[in-house]
Amino acid sequence: MVITIALFLLLWELLVLLLQLPAFILPAPIQVAERFVRALSDGSLLEHGAATLLEVVSGLSCGVLFASLLGYLLAKSRFLENVLQPFLVASQAVPTIAIAPLLVIWFGSGIFSKVLICALTVFFPVLVNTVVGLRAVPENLRDLMRSMRATPWQTFSQLELPAALPILLGGLRIGATLSVIGAVVGELVGSDRGLGFLINVGRGQYDTALVFVGVLTLVCLAVLLYSLVVWLEKRLLRWKLD
Amino acid sequence: MVITIALFLLLWELLVLLLQLPAFILPAPIQVAERFVRALSDGSLLEHGAATLLEVVSGLSCGVLFASLLGYLLAKSRFLENVLQPFLVASQAVPTIAIAPLLVIWFGSGIFSKVLICALTVFFPVLVNTVVGLRAVPENLRDLMRSMRATPWQTFSQLELPAALPILLGGLRIGATLSVIGAVVGELVGSDRGLGFLINVGRGQYDTALVFVGVLTLVCLAVLLYSLVVWLEKRLLRWKLD
Amino acid sequence: SSQKVSAVRLPLGYIPNVQFAPLYVAIEKGYFSEEGIQVELDYNMETDSVALVGSDELQFAIVSGEQVLLGRAQQLPVVYVAAWYEDYPVGIAALKEQNLRSPHDLKGKTIGLPGLYGASYIGLEALLHAGGLSDADVTLQSIGYTQVESLANRVVDVVDIYTSNEPIQLQARGYEVDVLPVSDYLSLVANGLITNEKTMEEDPDLVRGMVRALTRGVTYTAEHADEAFQICKKYVDNLASLTPEEQEVQRQVLEASIKIWQVERPGYSDPQAWQNMQDLLLRMELLSSPLDLSAAYSNTFLPE
Amino acid sequence: MTASTASVISLQHIQMTFHDQNGELEVLRDIQVEIRPQEFLCVLGPSGCGKSTLLRMLAGLLAPTGGQLLKADNQQLSVGLVFQQSNLMPWRTVLDNILLPLELRGVPQDAALQKAQDLIELVGLQEFTNVWPESLSGGMAQRVAIARALIQDPDLLLLDEPFGSLDALTREKMGAELLRIWQARRKTVVMVTHSISEALLLADRVLVLSQRPARVLLDLPVRLPRPRGEEARYSAEFQAMAKQIRGAISV
Amino acid sequence: MTASTASVISLQHIQMTFHDQNGELEVLRDIQVEIRPQEFLCVLGPSGCGKSTLLRMLAGLLAPTGGQLLKADNQQLSVGLVFQQSNLMPWRTVLDNILLPLELRGVPQDAALQKAQDLIELVGLQEFTNVWPESLSGGMAQRVAIARALIQDPDLLLLDEPFGSLDALTREKMGAELLRIWQARRKTVVMVTHSISEALLLADRVLVLSQRPARVLLDLPVRLPRPRGEEARYSAEFQAMAKQIRGAISV
């Protein structure tokens, strides 16, 4: 971690030195650090960060919840999969901007539409990995559960979940990472709060250091969420890692 | 497939009828179909569709190529994984708009920046699933390959690739689906070609039917790419499906 | 007064900015509440305000003149009821070294613009036409909203900009630029308040109130720029956190904006500007046939 | 229709044909067997003839493509199955693998733990209670699987070559334990084995299946007195039966 | 330093200790064995003592934590290993699984195919040439694994209970085939088995390992004349050696 951060700062300084770009295009780390302190002390970073965090956490939870529920159903039924797949793929290919008016009409311009966009972003990778994971459950262990007359819930909790876990957690890794950008896309489309908004404001006022502060906070948020999943993985997959 | 399309059109008609939204917010299927024919006959749909397709195909190929190469390295080395992970996560959390100036300065406003954004979008899911897939290769089969003194390349092609394939193809499913939106996001930042551009033009002229034509073409593109992966899956995973 | 309070959501199509000072002033000074209006500013960037107003999802919006015509061409019953800007705010800018004196000098240049749509594109076309040029005489590059950066790095020769913003940003960073505003060559309809025909008929008082509050805001801001800037600090995120130098730049943006506002005859729409806009759109084939312009705008809600 | 009260399960004209990419494969043909309550039945037969298939059918994992499988009074028999492969869950420790059936039944922790620990001792894996299955030897894994089946105390115990990877000594010990449990609890046991002497030492009845498609070649009651010690091997009756079975297998 | 020319592999004071979540587990202690060229060596020992570990070490899959493993002339021996589990690749058909080792060596298709088909016949799986491993029975999978090891024609053939899931008849047949191949090609064979009589019928030498940590309890040359038919079982020498081995195992 320390190595990574050091490496990152070094690269950044190098870029600044080598490219000689003006500060309003690529500010130096020290300038961004200074701006960071300012944004922190005037409370704007915390306010907007908290707004985005709320959207991300809600969107991620909803997305993961629905994706895994639906994934479970699709894994069980090839028919359902064949019918629904095109819709699910479609839901990923529609640019937010194209349906922005519908989003506003149906969900207003409040937090809900951001949470929705975030959840949609998270949805697909989690769904696909849920299906792939559940399909990878060894058939002989299914037989074992069946021979013990396990209920569907028991089969799920004692077999399918743990067996699919490495793949499910892979989906969660992707989902956690994408959730941040999902929420921000929602904010960019329209919002008066959140890091996406802060970045927009920074861009509008040519306060590039603020843009970088926003981006770095986003990145930290994403890395944090990702690390959470990695930590979860370490705890849950002990049998694979030992 | 036929069921799905019928279902989709039905839902759409229902929405139009029930919500009574004006056509410039939600046009009826027939209006969109009519506009589709017009866009097809004046050549604009083909031109812009082809531009996006080119971006998608290039972006997807590059993204998958680099993601699987890097994924292979990360799967082999926990150290490399720990050092690089934060960068990779970061690369996903940066909103395109925030780095749009850098993109334009470094890569111009041509196709390259769109391909890059598309590749970046595709990159992460494929990478994560490559790592998860390679880590799921059974250790006892590795022993088998080792006992036969297989070269690293043979171990890869004869063991790791086929064993990880179900999960790799899951990554590819996600990647193929996201590639379309990746290219379009690139186009929305600044472009004079492609379906993203077409959608923007439609929006600018309140030609909502054209927006829907663009979106539907995108969706078809995504479904097509996705179906390609599913077809590949059917061919390559015969042993799982029989 | 004892009348009911109407809640109005007003989409601006952009993030909070000093250029919206008149609205902040009108809120702060109570101009809206005097009319019995409780206004909520809406900063959604990608909302189709015209479509939403046309479908009566919203009652008002701030949009540019060409959008009214484009919307009406699609049977959207929107009406422009008060001009906020007198001058079309679009122009082109180039570094001094390009020696850009008149639109004709654009010949052979690479021009960066956000995209081939929207007000920037329309303004650019007007300029090209004024210079006797067509698209084929120049190279257009869609660069998104990166005009300042692209010009500073000489990615393009000329950029398509908002006259009250980018040139000031460039100058503040030490780049000497020449600016050619569209309004020097052609009068076009710029930003103003729109509503829909239904609201116009059913609640003319509300429309009148909106127009009055807006125009009072514009007038007051133009006369009290300093005070308006201080008010902006309350409404524009981050403005108060900027360094003094950066704040000064924003201040200049405000002043440049004031210069292109409609302050002589508050809210007044110039029929010639509408005609010019329609001609331009017809030439660009964005309109296929002429519209009934008199239905597109109205000066009847203006304060005496 | 239910099985006659004399049978736990009655197999009537059972047929089994698999369909795979290469077409049809007839595995079981007209199998006719009554499994009686509290019986210890051993099944022998050549590799690939259909023994595991038969066991999976008894466990309810597979439906016959022909014939009928009738259960006594239509009751839901509880089944303990030891698969040919040990089939442990890699994410559960040895103890947790053995506890699984009791967890599924909601047996209270304490009682379950006591039972599991007794069984771990019985199969000689005390040292490995908290080890992941991955690091067990083949025979150890098989013993865990046996313990997991025994802990269920099932009405019907189905064992598919349960002692296949055990050395002779452990094998004998496990066989004796199995017999002890069976005698104490009087459950029905069906066990696939390749060892004729094991079959004769344990079973009440020995079934010999033919080459695929499997039919019942021999259905031999083993009326040797119990307990059958090492010396039983050398009795004339034992030798005669062994010869009869060997004869049937070599057909 | 290399093994004395008299040995293919020389195990010198081999130690093996596993480290896992529960601490250390000493598996092999001071194993001292010379494996001579063209020797047929059988290894016996209680379940979990370290036989598979030893075989994995010989195959080069595991490095000892102590002692030295020396190879003749430091040469790279080609190794054919039959694992205790059949270890087939589920995405390859029976034929392709057997072909794998030749593919890795780049043997021309035609020659490889001929060899593979001969071996499929040898293990009696002609009908199942193009079947996925998933639908094989336990014994059939094991036979595929044997064929896959034999097709390599390796210098050193390592077999970990290769006949464990086979019925007596198939087992004898496979043993005889193995012997035939070994005699024709004169390779070195190390085979883990639990069957004393199988060991005595096949081996030049029998090694008995102790309970974990495994030491060599008995290193017994088997000088019975070959071929050793069914009648060899009844020779006094055979019986004496069987008794000796049984004695060692029961320690």
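All chains are identified by letter, namely A, B, C, D and E, in their written order; residue positions are counted from 1 within each chain.
We adopt the following convention: a contact is a pair of C-beta atoms (placed from the backbone, for glycine too) under 8 Å apart; a residue touches a chain by one contact, two chains touch by 3 or more.
Here the structure is a predicted model, which is why all the values come from computation and not from measurement.
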{"item": "Subunit E and subunit A - chains in contact with each", "value": "B, D"}
{"item": "Chain pair, most C-beta pairs within the contact cut-off", "value": "A-B"}
{"item": "Chain centre separation (subunit A, subunit D; CA means) in Å", "value": "50"}
{"item": "Whole-Å gap between the CA centroids of subunit C and subunit D", "value": "84"}
{"item": "Cα-centroid distance, subunit B relative to subunit D, in whole angstrom", "value": "51"}
{"item": "Inter-chain centre distance, subunit A versus subunit C - centres from mean C-alpha coordinates, in Å", "value": "36"}
{"item": "Contacts with two or more other chains, residues of subunit E listed in rising order", "value": "20-21, 85, 132, 134"}
{"item": "Numbers and ranges of subunit C residues touching at least 2 other chains", "value": "48, 51-52, 57, 145, 149, 153"}
{"item": "Multi-partner residues of subunit A (each touching 2 or more other chains)", "value": "21, 25, 97, 101, 105, 188, 200, 203, 240, 242"}
{"item": "Footprint of subunit C on subunit A - complex, ascending", "value": "21-22, 24-25, 38-39, 42, 44, 96-97, 100-101, 104-105, 109, 188-192, 197-198, 200-207, 210"}
{"item": "Subunit D-touching residues of subunit E, taken from the complex the two chains share", "value": "18, 20-22, 44-48, 51-52, 84-85, 130-132, 135-140, 143, 160-161, 164-171, 194-196, 246, 249-250"}
{"item": "Subunit A residues touching subunit B - in the complex, by the definition given at the top", "value": "1, 3-5, 7-8, 21, 25-26, 82-87, 89-90, 92-95, 97-99, 101-102, 105, 124-125, 128-129, 131-132, 135-136, 166-167, 169-170, 173-174, 177-178, 180-181, 184-185, 188, 196, 199-200, 203, 211, 214-215, 218-219, 221-223, 226, 230, 240"}
{"item": "Subunit E-touching residues of subunit B, taken from the complex the two chains share", "value": "140-141, 143-144, 146-151, 154, 158-159, 162-163, 165, 237, 239-240, 242"}
{"item": "Sites on subunit D touched by subunit A in the complex", "value": "56, 59-61, 76, 78-81, 83, 85, 87, 89-92, 100-101, 103-104, 132, 134, 152"}
